[in-house]
Structure formats: structure tokens, C-alpha cells
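Next, two complexes with chain A in common: one pairs it with chain B, the other with chain C.
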Partner chain A sequence: MSNRQEHFGDRLAEQAGGVGGVQTATVGFPVGESLAGAPDLVAEPEARSQWSYVRMRFFRHKLAVGSLVVLILIAIVGIFAPQIAPYGFDELDLENSTASPTLEDWHLFGTDLLGRDYLSRVLYGIRTSLWVAVFVAVLATAVGTAVGAVAGYYSGTVDNLLMRLTDLILTLPGLAVLLTASVYFGSGDPLKIGIILALLFWTAVARIVRGLFLSLREKEFVEAAKAAGASDARIILRHMLPNCVGPIVVFMTLIVAAAILVEAALSFLGFGIQPPNAALGKLIADGQSGGLDLWWLVTFPGLVILLIALCVNFVGDGLRDALDPTQRRMRA
Partner chain B sequence: MLSYVIRRLLYSIVVLFAASFLVFTFVSVSGDPLAALRVTPDYDPNTIKRIEDAKHLNDPIPVRYAYWVKDAVTDQFGTTLLGDRPIMPDLWRVMKNTLQLVFIAELLALLVGVGIGVLSALKQYSFFDYSATTFSFLGLAMPVFWLALMLQVGVVLVYEATGTRLFPITSLSSVDPGGGVDFLIDRAHHLVLPVVVLMVASMATYSRYMRASMLEVVNSDYVRTARAKGVAERRVTMKHAFRNALIPLVTLAALNFGTLLGGVIVTETVFSLDGMGLYFVNALLNNDPYPVMAFLMVTAVMIIIFNLLADLAYGLLDPRVRYE
Partner chain C sequence: MPEPILELRDLTVEFDTEDGVVHAVTGVSYQLFPGEVLGVVGESGSGKSVSMLSVLGLIPMPPGRIATGEALFNGESLLTMSKRKLRELRGGKLSMIFQDPMTSLNPVLTIGDQISEAIKVHNPGTSDAAATKRTVALLELVGVPSAERRVRQYPHEFSGGMRQRAMIAMAIANDPEVLVADEPTTALDVTIQAQIVEVLKKAQEETHAAIILITHDLGLIAELADRVVVMYAGRVVELGDVFTIFNSPRHPYTVGLMNSLAKVDLDREWLEPIPGQPPSLVNIPSGCAFHPRCTLSQGRAICRTDVPSLRTTDDGDEHRSACHFAEELAAVHTAAGARA
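Showing the complex of A and B:
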């Protein structure tokens, strides 16, 4: 009997949580529209999940959708760099050195002092840099969410430790710490550089998730779940976390953009990813060493970084509008 | 309020010590700073022995840390690894140059950023608003070092085409800068490009933030009340809205200081300016942990001071804030 009651209460709590979620999701959704076309008013309106609303809102955001398409194209080009690139990453062609951008022989981005084709080098660079940025975002978000959830839910020692650690990290200049860490522990390896970057970024995620959990903890559906006897793990994973997905996803995209810029700066200064691994920042540094009148060696890798960061930011913006309609900024 | 400041300062000192221990262990566990020296064929073993003794390299880490703190406090961070150069005189020199650059850039970024933000908010959804938004998105997505390089490329290409050098692209002064006004003009000329590079990201942040803050205030009740009372529109905007919208920017500007230091490292390296950033990068390249740690601690102190000032300024500007 008690078992059944617990189960029932739990489901009730889940429904309460679900209702809370849908309520926020439907703000701003024109209800009249969905009913206008219905032939029979008594018929139940088509049930849509919260995610289908999110998808709808996201696809209305043209800039974000366009950016997503561009990003996917860039990612595909990067992933298939070995198949697509017209030349090898380190393929020398001394007779064709310092060619400015030309359609001839596919040197669209020109060649450097050793005749290496910069289009091919950039493609390989995208492969590494994008991989590192995504890796950083996933790792930092996973660790940050776990720590932030525990800190926000129990708000005891973990919370105290987290906040003190955040104070500590905010005291030191970020890029300088990353540079020092990469010199001593990075050894030019993309995986290690990624881990170092994630070590810096996770605290920001943890702070945000902690804040969300602190406010969610006081909500009725959490109380209901608790009263029904749901375990802490179940409350955190089933009831609270799904309500934080929006902000977490948005923040994750922001980390991708930040990570790609920071990794480029590290690699440019010579402390980040190093040959034989390609990285866009390193390509710019190499290009610069050939003299600035070979402008294409500096310009194109940088343009690609700019394009990726810009598109990621736009996608993040679209996601924020889609996931959090109460905070939607008005557009003309 | 005094007790608040004292409590904050005490807490800052604790944080600073924690940070220093973290920085020290993290730099010292990462290997032997003399490794490169040991494999140099013509290096005197006595020199290595002397450095090991002077820097206590063979002691356990907590002991080394204690020696380092003693050096930092009583002897201004002591000397470089080889012991041939005291750190602080160099650091003071580069700090002066960097602060000059940072303050000019920060001041201009605030002025322009706030101006753009206010105009964007007042003329929401206008052509100006959209262009400002586009530029700030670009500014935030642009790698700082790349912008610096592109400006340099521009100067080089113009020079090759026309023979005129618009701006110097390296160092802080000409070889013979002259004195007095000539020196100032020469310095200003050298600082133009670095300041622009350093400004862009901050300016983008400030204008976005100011726009949001101003929009929020403009739609608030007390501004509507002021209008309803018949206060002139100009006075409503400037006195009621603008001044209140400015308050959150104080915190943002102080928190931005740490980010700005990152920009300084990159900008000074690209333009080879004799500032803290280049000093730090060179120390890293030389594999000398002592200037690296000194740099990290000095910047940490600067960041703590800025955050404290921002908190206090916030209280002065917004009377609702109470220090507990």
C-alpha cells in the first residue's frame, strides 16, 4: 500500500513538474492559431511536446538557422578534411611558394613560403580547433552541471567549496593562467589543451547550475516529490535537471565560442596546439612569420575563426530565445 | 561600511594566499626549471649548485613555498631564476606602460560603448541600432590577435601601395622620440593601433550591456512618472534614465579588468610593446617560473583592488545597496 502511494505521489510530482515546464513554454504561443484550423472545436488540440515548441521557435529564428547550417557545413568540411583537401597538410611545393589566392591549382587561400597550400592547411586546422572547442564545451558542461547540481541541492560543504574556488579563479587573470598551464602541462597536444581549457570553464557552468538549483529547490513540485519519498538522485535527475536544460544548453554553445577564441590565442602565442597537429591559431602565427605582405596567410585562417565564433553565438542566441520564451527579446 | 571594507580586505588576503599557494605548487610540480641548463654542454656545475641553493630547489615544496613567500614579501619577489636580475624593477617599468595603454583603451571603450548603447536604446530597432548590434557581435567573435594583425597588414599594404606609413606597428616609441610634447605625440602615434585593438571587445560588451540596461530603465515606473509629471524629455533621458542605467556598468567595467589583461598579453605581443603582457610571455618562453609567478600575483592584487573599488562605487551610486 505504502509502496503504491509513494509511486502515485511521485507521478503526481512529475506531472506538477511537467505542468510547470509546459506553462513556461506556452507563454507567447498563440493558442488561437492552433485552434483556428480545427474543424471540430470539441476535438482535442494536437498534443505537442515542449521540445516541438522549442524546435518551432528555433526554426523561426532565421539567422540562427542559417548559422547552424553554416556551422554544420564547416564541421563536415573539417571532419572530411583528409578527403576534401586538395593537398596534404604538409605537402611542399617549392616551385609554387608565396602564391597569392588564385583559382589555379585550387590555391584559393594562397600558399606559404614553402609552397604549402593554405586552403588545405586551414581545413585540417578546422578539424582540430573545432574538435577541441566541442570537447571543452562537453567536458566543462558535464563537470560543471554535476558539481553545480550537488552544490545547489545540498548547499553544504560542496557549495562552500565551489564558491570559494570560484572566488579563487576569478582572482587570477584567465588567459595568463591558461598560458602558464599550457606551457607546463600542455605539450602541444590537443587533448591536453582541451582538458586545461575545460578546467577553467567548468566553474562558470557550475555557478549557473547552482543558482538554478537553489531556486528550483523551493518549488512545489520538488517539495511534492520529496513528500512522496523520491530519492535525492531521482529528484535531481528526473525533476530538477530537465528544468535546467535550457540555460545549460545555451551556456554550452557560449563555451564553444569562447573556447575556440581562447584556443586560437594560445596556439597563436605558441603555447597551445603545436605541429604535427594543425590549429587555426598556429596557422596564423606561421603565416605572420613569413612577413605581413603575404596577407592571405594571416587573413583566411582568422576569417574562419571569426565565422565559427560568430555562427556559434548566433545559434546560442536562437537557442536562448527558443528555450526561454519568457525572456524573449522583442524583434521588430 | 568601514567594517565591510576591512572584512573584504581580510578575505581578499586569504584568497590571495590560497591563490599564491595554488600558483606556486602548480608551477613547481611541473618539473625542473633548470632542466634546459643541465644539458647545456659548457655550463658550470657550480653555477647550477649555486642556483639550487639560492632558490632552495632541492627542498620539499612547502618549504620552497615558504621561502618564495618570504622573498615576495621582504625582497619584492626576489630575482629571476639565474639570479642575475631583480624582478620588481622590471615589473614596475612594464606595469607603467601597460596601465597607460589599459586606461586609455578602457576610458575610450567606456565613452564610446556607453554612447552607442544609449543611442541604440533610444532609437530601438532603427538602422543605427541594427548596425551597432552587428558590430558588437563581430567585435565579440573576433580573435584579438587577429584584429591586431589585420591592422598591421593594412598599414603594410598601404605603405607598399603609396609609400606612406600611416601608423607605427611595433614598439611604444620611435628610436629617438625627442622630449616634452614631441615625446607625447610620438607615444600617442604609437598607441593608436594597440588602443583600437584593445578597445573593440570591451566596447562591444559595454554597448550591449548599456543598451539593455537603458531599455530596462526607460520602461520603468519612475521614468513614466517623470514623464507624466511633465518633465522635459531631455531631462527625463539624461537625469532620470541615463544616470540610473549607468550603475550596473560600474561592476561590469571592474570585472572586465581581468579579461582586459588577457587582451593586453596578446596585443603587446603582436605589437612588441614593452609591457606586462610581453614580459609575461617572454618569461614563459624563457621557462623562468619566478617572473611568471610574480606577474600572476601582481595581477591578482590588481584584480582584487578593482573588484573592491567596484563594490564600493556601487554602494555610493545606488543608495539602496547596504553593506552588511
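Showing the complex of A and C:
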């Protein structure tokens, strides 16, 4: 099928689902493969929610779907690290240190300077890094959304105060603050690292949500909700927020990617997760002393970071396209 | 005479803009009596919507400002009422239908959700099942076919006419005493307009609400209204029952509006527009705001210097006009009436 035909086929499928299979069939459209799958020829058009359209558009974005699958696999591997890893993350075997990747004894990623199995270390590293990243994304998004929504909805003085606070945090030199904070609050605990990162990351979300709310509050349906007697909280939570879900979700995925990288950088500088806990950035930092001779110590965790960040970005891309209701065309 | 259910007294609404103060509404007074349909007519920017939106607390303040005046609902002041109480009135006893059903419904919530919400906001403790049942009944009342199924659909699955029906259903969900319809048919095409008029009539029969019908469509006024308020440049220029306004208008602006209508029965090449443009509300002409466009004034000084008050005319006590020379129209219009 050429691209054009494929597109047409998809449109047909849309009609089949959206307007009712009967109509499409009786008008005498060429019944393509996509129609053969149409469930039953009932005249009732099926009520189709926004979300089913979103799902449909997302699943057309092959790269995003592929990335999502990879991400899910990585997450599963991370979550079940204790069950999957052939060795414990701190299991020393000094006799067998700095072994290069080998099938022998399942040291697929080799071992490090202390003879710890590197595959196991990376698996546990994924677990820690991913946990921190998701935690940061959720917390930062929640705080940012709340601040942005309140600022955008009420505007005026409230907006001014909240946005100046946001500006203030945005102007802080990130790395310096992170380093100082980790000294003061103590580093090493993934939870603390997550909170510190989230406190820096929420500002971008707040700005975006505020912008969305500023434009949404002028919409007629918000005025209509007001005229129907809805309270401020109800208008914000029920009428405006659902209209911002798209951008917020997309931004959340971007934060996941950014948080993985920053957490890696932080660990690399020695202010992140502390040993013997494994985090991907920390693994690279520890491995760099080995130089090119012990290439596997840097390469494997580095590749995993790259893979996660890339996949998260692709998924975000796909979500952005899928959640944009004006986006009717499919992507290759 | 019964007590008015809603009364505006000398209401003045201004907006501060970069170009200066916009006098959107100036000294507007009118009354709405229970069960009647009051048409508010005027061209775009004549202040007809703002006068209602402002008393409902729906204009942004600032830049908007209610400079003077009073608005009474059942004798209670809407302007000094607590926000909470006003919120309870809105969508309850005092509800509103908006102009554009395409943008007035939330795109991410189902029609059923939105109507049930209106019910639940004003009747806390209503069960989901009860609210849904009432929603279906309301949709059936306003003529949405297979309402049972359509409550689960989203606004984008509704046509314009169906959405406006849904908006009307939402507006009458809590048995309002006053229903403000702000250009309810403007965004719809002509065949649908006629249907919506029927739905509005039915809605009134059902709820016995008094309706304020804000529109620039004189046909709609003729169809629905009992009394008419004509507004120009933020002021009421004529007020009377619909029959006298149409048959013997006593303000040159109203006469101009009537003449500018396309008449099917008269074979005319051109429409007769009112000469000139509506004035800028930042810079309203002195005296009678209509004098630069007026064919009756003919340059008489008083039109430029004195703001005419809304006064009783030769046509009886209930027909008021804000024209210095209202009586002169009596002769003109007997002729025009005979022609039509």
C-alpha cells in the first residue's frame, strides 16, 4: 500500500468506528482490510471518547510505540532487579575483579574493580535512577501544575507573586544549588535527591500551565461554567485542568528524561546516590578511573542512560502529537 | 402591576482601556416581570449583553467597573450580594444561555457530565443516577433524540443545533426564575434558528421563567418577546411592548432598524441601512448619541447639546422613548405602517 492509500484506509477505519460501519459499507466505499475488522454492523454510532482518539493517534506513531515498549522493558528489568540480577549489587568477588564481559558465570557486562558483577550493578542502577526520575517528574509536575493553575486562573497579584517566585528559582544556577543542597540535606538518599531535583524542575511546568490557564480562562465554556454557578475550585479542577492534560503529560515525560540526566550528573560529581547503592551516573563516575582498558564500566551504564533518555523523549513526542486534537494526520 | 423579578436601575458600566474609558452601559434601567419575555435589541457594542453580564458578576473586574446603579433580583441587590450567594443564584434561579454553543461547552467533558454537574452544583447530595436520569429527561424535553445514548457523547459529536439544545437543557436544569438568553440563535443557521425558537418557547412553558432575550435579530423579537428594550451606544433609547415598537416606533433609531430589514413582500433593489457608523464607546457624541446619524434631527441644536431622557410618549405611559422629537414620528409612522 502506498502512503496515500494507507492514509485513506485509516480514514475509512475511523469512519467505520465513528459513524457506524453500516453507513460506510452501504455507500459503496471500497471495503478495505481495515473495514473487515469492523466489529458488528450496528447502526448505532459508538460514542468515542477523546481518549480513544488519543490512543489511536499514539499507536500510529511507530517510533513512540517502540520506545514505549523498550521503556516498559527497562522499567520491568529495574523493578525486578533483585529477582533478575544474577548477583547482588554489592556482592564482592575480589579474585575475579575487572573481568571483561564474558558468558562465563553470567558476567555479561564484566565485573568492576571490586569484582562485583556489572550486569547486576547496572540493573540495580536502573532501578534507582528510574525511581528517582519518575518521582521527580510526578512531584515537579504536581507542584508546577498547582502553582501555574492558581497563578493563571486568578492572575493579577497572585499571579505576579507566584511568577516572580518562579523566576527567582529559574535564575538560580542549578548545579550550584544542587550541590549546596545535597551538602546541607545530606546526599545519598534517593528520596532526598528526588525532592531536591523536583524543587528545581517544577518551575518550567508552572510557566506552561499558567500560560494555558491564561488562555483557557477567556474561553466561553469557562464563562458558561461560571454562569452555571460553579465554584473556582470546580472550574479549575474539572473544567480547565482536563483541557491541559496533553501539554502537562508531555512535559512530564521530558522531566523524566532530564531528571535521569541530572541525577546522573549529580552522582557523577559524587553528590548523588552514595555507594554501595548503584545509580547509573554513579556507575559511570566510578568506572571512569578504569579508562579505556575497562571500557565496559562506562559504556554499559552510559548506553542505558542514553536509551532511557531517548525513549522517553520519543514517547513524549508521540504523546504530544497524539494529544493535539488539531493533529489529524498520521505520522510515519 | 406585579412586582418585577429583575430590575436594573440607572446601571452604568465602564471599562478602562488603553484608549480611554469605554462607556459600555450608561444609566440603563429596565424591569423584567415574572413570566414575560423581554427582548433587548441593539447592534453589536450597544451594551445589551454587558448590562446583563455585569449584574451577574461575569465581566472581568478590572478592567470592568460598575460605576453607578443597582440591580435587584426579587428585591435583593445583586451587586452587593456575597460572591457565594451570587454563585448559588447563577445557574440556579438566574441562569444563562450563551451565544455560541460551539465554544460554550467544555470539549473534554461529555454532554451528560456537564448537565449533571449543573444539577449537582445546585443540589448537593444528588446521586449520580438521579442526576443522569434528570439529564436524560431534560435532553428529551429540548428535543435531543436518543438522549439515553447521547448523554455519553462529547460536544464534538453534537451538531450546532443539538449543542444549543444541550445548553438550553443545562440552563433550565434547576428551574430558573430568570433565563438570560444572550443571542441564542446567532451562531446557528436559519433552519436551526427556527427550531431553537420552538425549544425556547417550550423551555419557558416548562419552567415559567421570565426570559431576557438579548439579540439583534428583530425576527426573533417579533417571534418571542412580549416587551422590547432598544439600546444604542450603551443607553436605552426606546422601551415598549413588542406590538407598539414594531408598529409605531417613537425613536428614529428604531425606525432605522425597521427600515433596514429585508422585507420579502416589498420589491426593493437595495436595503435601507442607517447612515453612518455606530459611535465609538470611548468617544460618544454629545447630546443624543444618535444625532450624527439621525434623519429626524436635521441639525437641531438640542440634539447636540442635551442628552434626551427616557420619557413617556404620546403613545401612552408604557411606551417610552429617548428622543427630543418622538412625537414627530407619529405622523411618519402611520404612513409607514399603512404601507407595510
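Convention: the second predicted complex is superposed on the first by the 274 of 332 C-alpha atoms of A that agree within 3 Å, B and C clash if a C-alpha of one lies under 4 Å from a C-alpha of the other, contacts with A are read in each partner's own complex, and residues count from 1 in each chain.
The rule is simple: a contact is a pair of C-beta atoms (placed from the backbone, for glycine too) under 8 Å apart; a residue touches a chain by one contact, two chains touch by 3 or more.
Here the structure is a predicted model, which is why all the values come from computation and not from measurement.
Participant: Judging by the criteria at the top, classify the pair chain B and chain C on chain A as clash or fit.
Facilitator: Taken together on chain A, chain C would fit alongside chain B, as the superposition shows.
Participant: Counting only touches as set out at the top, which of chain B and chain C does A:Q288 meet: first, second, both, neither?
Facilitator: first
Participant: Based on the superposed arrangement, let me know which partner A:A257 touches: chain B (first), chain C (second), both, or neither?
Facilitator: After superposition on chain A, A:A257 lies in contact with chain B alone.
Participant: Between chain B (first) and chain C (second), which, if any, makes contact with A:T166: first, second, both or neither?
Facilitator: Neither partner.
Participant: Given the superposition on chain A, which partner contacts more residues in chain A: chain B or chain C?
Facilitator: Comparing touch counts on chain A for chain B and chain C gives B.
Participant: Let me test your reading of the model: by the given contact rule, A:K219 touches which partner, first (chain B), second (chain C), both or neither?
Facilitator: After superposing on A, A:K219 lies in contact with chain C but is clear of chain B.
Participant: Quick one: is A:N96 in contact with chain B, with chain C, with both, or with neither? Answer first, second, both or neither.
Facilitator: neither
Participant: Could you look at A:G174 and tell me whether it touches chain B, chain C, both or neither (first, second, both, neither)?
Facilitator: A:G174 contacts chain B only, not chain C.
Participant: When the two complexes are placed on top of each other via chain A, what is the minimal CA separation of chain B and chain C in Å?
Facilitator: The answer is 13 Å, the least C-alpha separation in the overlay.
Participant: Chain A residues touched by both chain B and chain C?
Facilitator: Common interface on chain A, chain B vs chain C: nothing in common.
Participant: Which of the residues in chain A end up touching chain C in this complex?
Facilitator: So the residues of chain A in touch with chain C come to 44-45, 47-50, 219-221, 223-231, 234, 238-239, 242-243, 245, 325.
Participant: Which of the residues in chain B come into contact with chain A in the complex?
Facilitator: 15-16, 18-19, 22-23, 26-27, 30-31, 125, 137-138, 140-146, 149-150, 152-153, 156-157, 160, 258-259, 261-262, 265-266, 269, 280-281, 284-285, 287, 292, 295-296, 299-300, 303-304, 307
Participant: Which residues, counting only chain A, touch chain B once they are in their complex?
Facilitator: Interface residues on the chain A side: 164, 167-168, 170-177, 179-181, 183-185, 257, 261, 264-265, 268-271, 281, 284, 288, 292-293, 295, 298-299, 302, 305-306, 309-310, 313-314, 331-332.
Participant: Going by the contact rule set out above, which residues of chain C touch chain A in the complex?
Facilitator: Going by the criterion above, the answer is residues 56, 58, 87-92, 95-96, 98, 100, 103-109, 117-118, 121-122, 149, 152-154, 157, 167, 170.
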